[in-house]
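Below are two complexes that have chain A in common, paired first with chain B and then with chain C.
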Partner chain A sequence: MNKIIEKEEIVGARIAKLDAPEKVTGRTRYINDMVLPRMLYAKIFRTDRVHAKILKIDVSKAEALPGVHAVITAADTPDGKIGVIKDNPPLKGDKVRCIRDELAAIAADTEEICDAALRLVEVEYEDLEPVFTCEDALKPGAPVIDEERPDNIAMGQNFSHGDISEGEKASDHIVEGAYNVHYVTHCNMGTSCCIADISASGKVTLYSQSQYPYIMKMDLAPALDIHPGDLRIVQPPVGGAFGSKLDVYPNEPICILLAKKTRRPVKLTYSREEEFIVSPTRQPVEFKIRAGMTSDGIFTFREVDSFLNNGGYTSWGATTPYVTMRTCTSHYVVPHVSYSARAVYTNNPFAGSFRGYGNVQATWCVEIHVDKMAEVANLDPIEIRLRNANEPNSITPQGSDLGCIDLVGCINIAAEKSGFLEKWKTNRATWDDGERYKRGIGIATSLHNAGGAKIHKSDGCGTILTMDDYARVTVMTGASDIGQGSDTVIAQIVAQELGVPIRDITIINNDTALGPWDVGVHASRTTYIAGNSAKRAAIDARGQLLSAAEKQSNVTADLLDLRGGYVVQADNGEVVIEIAKLLRQIHFAGEDSTLVMATDYYEPPTEPEDKDHMGDMSAAYSHAAHVAEIVVDTLTGEIRIEKIWSVQDVGKIINLNGLEGQIEGGIAMGIGFGLHENMQIEEGIVKNPSFRDYHLVTAPEMPPIDMTFIETDDHEGPEGAKGIAELPTIVIAPAIGNAFFNATGVWIDHPPLTPEKVARAIWERDNPNLAAE
Partner chain B sequence: MTLPQNQSPAEFEYYVNATSIEEACRALGDGVGTILAGGSDLWVQKDEGVKIFGPRLINISRVDELAEISIGNDHVRLGARVTMTDILNHGELGNIAPGLLEAANRFASPQIRNVATVGGNFANASPAADSVIPLICLDAEIELARLDGNAVAIRSIPSADFFTGPGKTVRTDDELITAISFKPRDGKSLARFFKSGPRPALEISIVSLGIAADILDGKLSNVRIALGAVAPIPFRARKTEALIEGQKIDDKLIHAALECLVSEISPIGDVRGSKWYRQHLARTYLQEALTDVA
Partner chain C sequence: MSLKVEIAFKLNGRSVAREILTSTSSLQVLNRDFDLAGAKLACGEGECGACTIMVDGVSRNACLMAGVDLDGRDVETVEGLWEGNGLDPLQEAFVNSGAVQCGFCTPGMVMQAKYLLKPGKKLSRDEVIRGLEGNVCRCTGYHKIIDAVVAASGEAS
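== the complex of A and B ==
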């Protein structure tokens, strides 16, 4: 009898990331490690002003320095601008709008020569009156930042559903609040870097850390005055991106322009300090919220007005209201809602997209406010959430079908596992006991898109799959892996369909000249969208294999299966033929010779929002609940997190390792946002551009995390999976904020809860007549 | 504010890998050398453009005499090249100088502790230097060596007189710090060190406070209180020391001591903390130390 092969479940297993061995042994060649023959190095001359007219830029001395090959300024560059509303010239010639503005760039034999040349650039300015807050920038007669938008408004969104005055009438309580979310930044371990290389025929290859290589071509081309088709984006392994590489920033066109001018490859790398000052931040937001409820704590209306400090130029930060809006209008059932956002130009640094994309901000505002409402309604935080929780398959005010969600399950499991209610009650009883250390427990939940987000006309991803004579599979996917582990997930899905070992799969995803189109890595979409596309291509290839096998054997295709590198009989696992052998047979079959190849383009069944912000832009939605238990030192203000419980609807687990890694990493980032990380920007200047004074969470402070995964089995997602990557970053901070209230009876409305802020809040409560100066 | 514009790579002309105190002093003789110990301040400051190397870089990492910890009956001597890890790993120092052990424990991270030397911590003269605080509380003396003619001459400076400003000390350019030494307190004594920061590692002190005293019948004597990051140099709170000296520690005295401490220090506010928070932390640490004695 032939060999028998059992079916192996690769999907759902615990699989080490495919790139892990390279990374842990230090072999990964990041873009920062790359050197091309004849390569030059570049650096950017940046302004030290925040708002000034540029009278003169003199680069003649820099140009004359031996070893310098080119110096460029706005005078040498095409007029095209970059950014979401095309308001950012890569090199500034007329005026300076914020601290990091690029005025000139140098290509030289070494970075040290670049540094020396930077010191020789001379600029004359006429300082202009600066403006730093939304409030000041909106005052009549305020200084104008971008002459094309004299009202200083870069972008705005309004949405309403129902009738707020009806909601007010139905309310027994109305609770108001204001929450200001601060500046934080991505802190990628690999600093920003790109290498431009131009062929003799004028085609550009850009080695880039981009998260959206295909659309990037279109965004870059105008600033270079070239055809987008002449751009090829290659992505070597990326040392972190988290949303920071979802737009074109000036370093990329500048690098290409220098390569063009010098006819040599040029590499441009940021120092860590530059990374802090120059790379985009998370969008800071000032929220004002009014929300009503009945005496039973049933929500009646919610009104949110927000202002976004846009900084000097417009990147994706200004578009985060598209996601913020969903949480403000649709997280919990609220019959009457209104939402407005204004992104206002100032002379501050500008914001881009950042894991959570507006939802970190929105969830802080909504979830702290829900706990405040619970206090007013005399309900506990669990009860108020359960009473207002979204139900499966409900339609949100914006017209999104929430599908197979389980918010109630998330809340109940988190409450039960953490012993929430008992601790919550005990802690409150200790507010006035005079003890220095206080325990607190808090919960927060959030709603996020988990099946892509159709912000462009297509939210699709393509796959090209081929099999060679040895049954090795090459999957060319449009989806970038910026470290999140999507390569591994795609390989698992393909391995499962094709019955080959995971190590026999090679994922190619780093070259726009090879891979088919994809929107980019954002919106927790890659597993869902690229996973679906890869699955469909694999199903196609599987069909090709099985019909070939049918011809070779006398068993019909539907009775065959692919397992462990073999075609087997589905019922008993008996081997029919080795897949590699089958492939060779059909490959070398005279006139009938063929290869197994499959292509797919998956477009999720979603729609972009219309001008009134109606539309179901994601194919799936998901919730998570986090409970945090903390200890507060009421004197030093230090907060220690004892334990976190995380419950998340993941649709279906594909890679347990990857899933846990995303939850842990997301929570570390969320704790940083909630407790420590704070870009201190004073009068437009970043005061703490170093890891010494910008505090990331380090390993010793990471608390144990108890994770529960709810598998709702999404009908559209690959294997039932949903996108999972952003929620963990979104939910944890307000859980900590609410735990702080439970510990002390004091609200802190504006994150982060730094030791000083905490100590001061408690001191001011205890010494009302001695307010801290 | 401008972005870092690194120096050119040719910062020094000669490199001396000294193997003895004499050799190091000889290389320093004309006062234009830069001493390299663990490098945990030096390299960072060089990259930031804060420090410019002299023409001669003198590495003292191979000077074994500087790495010794010797413990006599009434004398403890730490060679300048003793690292924070050496302090932590030393079996006896913890009992003799618990405040120093705690400071080494809260110092940077294991990687930095492995290279950061006590001599470098003193020479760098940061107002936030951690190992300095408990050593001031022990009335430590700084030993400085220089070449006098052909022989090495040593002088000793009380730690409280050593610092003259941020990054500035009484050390002359031709002098090498060879050791920090102190008399261990005998009998029952108090020795504590407090440092701000929720992160157990890699936290520059917003405020640090060290206290040492002899305890007899609920009273403290020979009180030393030193604070980091509240003044341009490590600060001795002499008024507060005097107030506590010989008194019974009770609530009333603690209250008076805290008031006195807050009025005695006048820290600045910066990115790490406001003036109020620095005073508040100082008060909190002293309160904790005294309450635990009472």
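== the complex of A and C ==
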């Protein structure tokens, strides 16, 4: 009797990350640790102005310093610009538009020599009148930031569905609000870094932290005056990214230009201070919202107008309205909606993409406002959400089919597990009892794309899969892993199909010369899109193995299975042949020799938004509900989070470790945004560029989290999974904001809820006459 | 020009000597002069703990310690924990608990945890949380790191 092998479930299990052993031993060489032979170091000379005409840049003294190999300025740079509307020259020659502006760059033997050379660059300016707020920048006669766009509007979006005036007529109550979402930044533990190298034949290799290496080639090439095909992007391990590397920023073309000039590899790394000042922020937004409802609390219309402080140049921050709009128009059922956004040039630093994209901002606005409406309608926060919740398979105003969602389940489970209603009522009864510590409980929910986001013509990902003579599998995927663990998820999906141990799978995902195309790591899309592509390639390879086994064994393929490295009979698990042996038999078979190889390109069944912002851009959608229970110290203004309940529709669990880790980490980031992270930008200058003055959540500040996963089993997702990584960051802050009202009876409309802001809000509540003065 | 000085110390159990620039930090000495990349530069001002090493049995921020101060000391880095035959139980716990995402803070976390773990003493969860306060992680939300250290503490007792 042959050996019997039971079926093993690798998908859904708690699997250790493939790269973890290398990381816990300190063996992983991050891009920041890399040294290439004959490598030079680079630094950028930045302005100390926010708006000025550049009269003269003199780099002659810097060039003369021993150890300096090259100094470049705009005079050495091709004319091409970078950024989403190509308004950002890598080196500035005419004009300074914000404090980040790059005027010169130096390559030298050491970073210390670069620093010395930076002090020798001399610049003459003529200061221009600056402008820092959207309101001021839109006034007639305001200083013009970008001469090609004299109205100071970088980008704008408008959407409407239904008829707002009809909605007004149907309303018993109309509630207005204004919410300003502040500047925060990614704080990747590994600072921005790149290394450029140019071959004698003129081909460029860029070692990069990029999250979108394939599209990056197209975006980078014009600034270098080279063919995108001559760019190769290599992605060494990175210390986090969170959206910060989803565009080309000036450091990368500058590094390549220095490599070109010196004909040596050049490395450019930011200090932590530089990282704070220069790397992109989350897009700050000023929202105005008007929303109506019937006396029963049924929503009738929602009108949102927003202004985005675009800063001096345009990066992905200006495109966040594409996501903000989805939440403003489609989160809860609202028959009449309108939305507008204007990204307005100022002399501030500029924003990029950041985990959650525009949805962190949108969900703060919508979810705080929903609780305010509940107060007016005399409903509790659970009831108003249930009465307006989106139903499965419903079509949103922008034409998205929400598919197998479960918003009602998210709300009900979160309410039940947290004992929400009882606590909510008890807390309200204590507003006026004079006690120092106040308890509060709050809920928020959100809607996010969970099956990719077709913001380009393709939202696809490719896979090349090969098996060697020992049944070891190599999976080349286009998908980048920036630490989140997608390589492990892809390996699990492949291991499940091919019946091989997960340690026998090698993922190659770090070189555009090897991997097939992918859009990039963003929009919570990698498990869904890359996972689907890997699964389809693995199914193809599985078919090749089974048909080969059929020929060897005379058992038909549909009666065979792959388990634990063996071909077995599906019904009883009896071993037919070892997979490795089968592979060798078909590989060394004379004229019929063959290898098991499979390729796939998966394009999700979605459509880009049209010019009217209509289109089902994601193959799946998902919700999460968070409940936060907090204690407010009304004397010091400090908020302590006692516990969080997280309920999320995940489609299907692939890796429990990875899933929980994404939710816990996302919540930590959302707590920072809600309570204390705040870039203090005054007149265009970043005032707190250090971890000392920009506080990240630490271990003692993390509350316990009770997690519930709803498995809606998406029909298109790999194994039924949906994308999960952004929702946790999106939902938690408004849950805290709503809990604060439940504790004190006071709204704070603008995050973060710092002790200063909280103490002031309570003082104003208690001293209304003094506060009015 | 920069001054140089010769220092001698014990590094992961072996005696070493090297001529270093007096202007460099311990972190730069380890990263550059000894090609040990485990201790990481993330802030350079002692705020994040990514560069945590052990000096004479006490955890230190290598970025804040002058390189010359390594002279005569007993220094342990994350590279010293793995002898090539199986991971240290603490490292194993980090791997299995899902305590690693991007991993940039991980070597510092591991070294701080190593310092907290005393043979024969089981740490409470609160003691672990307090002990890791100075080490910042941007990816994980800390729970799985805490789980790992608590699990390793259980094994050590």
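Quick note on the criterion: the second predicted complex is superposed on the first by the 770 of 773 C-alpha atoms of A that agree within 3 Å, B and C clash if a C-alpha of one lies under 4 Å from a C-alpha of the other, contacts with A are read in each partner's own complex, and residues count from 1 in each chain.
Keep this in mind: contacts are C-beta pairs under 8 Å (C-beta built on N, C-alpha and C of every residue); 3 or more make two chains touch, one makes a residue touch a chain.
The model shown is predicted, which means the values in this text are computed figures rather than measured ones.
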item	value
Chain B versus chain C as contact partner of A:756, first or second or both or neither	first
Touched partner set for A:665, first chain B, second chain C, both or neither	second
Which of chain B and chain C A:271 touches, first, second, both or neither	both
Touch count on chain A, higher of chain B and chain C	C
Partner chain in contact with A:246 - chain B first, chain C second, else both or neither	neither
Chain B versus chain C as contact partner of A:698, first or second or both or neither	both
Which superposed partner A:33 touches (first chain B, second chain C, both, neither)	second
Partner chain(s) touched by A:99 [first = chain B, second = chain C, both, neither]	first
Common ground on chain A, meaning residues reached by chain C in one complex and by chain B in the other	271, 691-692, 698, 700
Chain C residues within the chain A interface of the complex	31, 36-45, 47-48, 50, 77-79, 81-82, 87, 91, 94-107, 110, 129-130, 132-146
Footprint of chain A on chain B - complex, ascending	1-6, 8-9, 109, 196-204, 206, 271-277, 280-281, 284, 287
Of chain A, residues touching chain B in the complex	46, 48, 99, 111-112, 115-116, 118-119, 271, 273-274, 277, 635-636, 638-640, 675-676, 680, 685-688, 691-693, 695, 698, 700-701, 755-756, 759-760, 763, 772-773
Residue numbers on chain A that touch chain C, as the complex places them	14, 16-17, 19-21, 23-30, 32-33, 186-191, 237-240, 242, 271-272, 482-485, 657-658, 660-661, 663-669, 690-692, 696-700, 702, 705
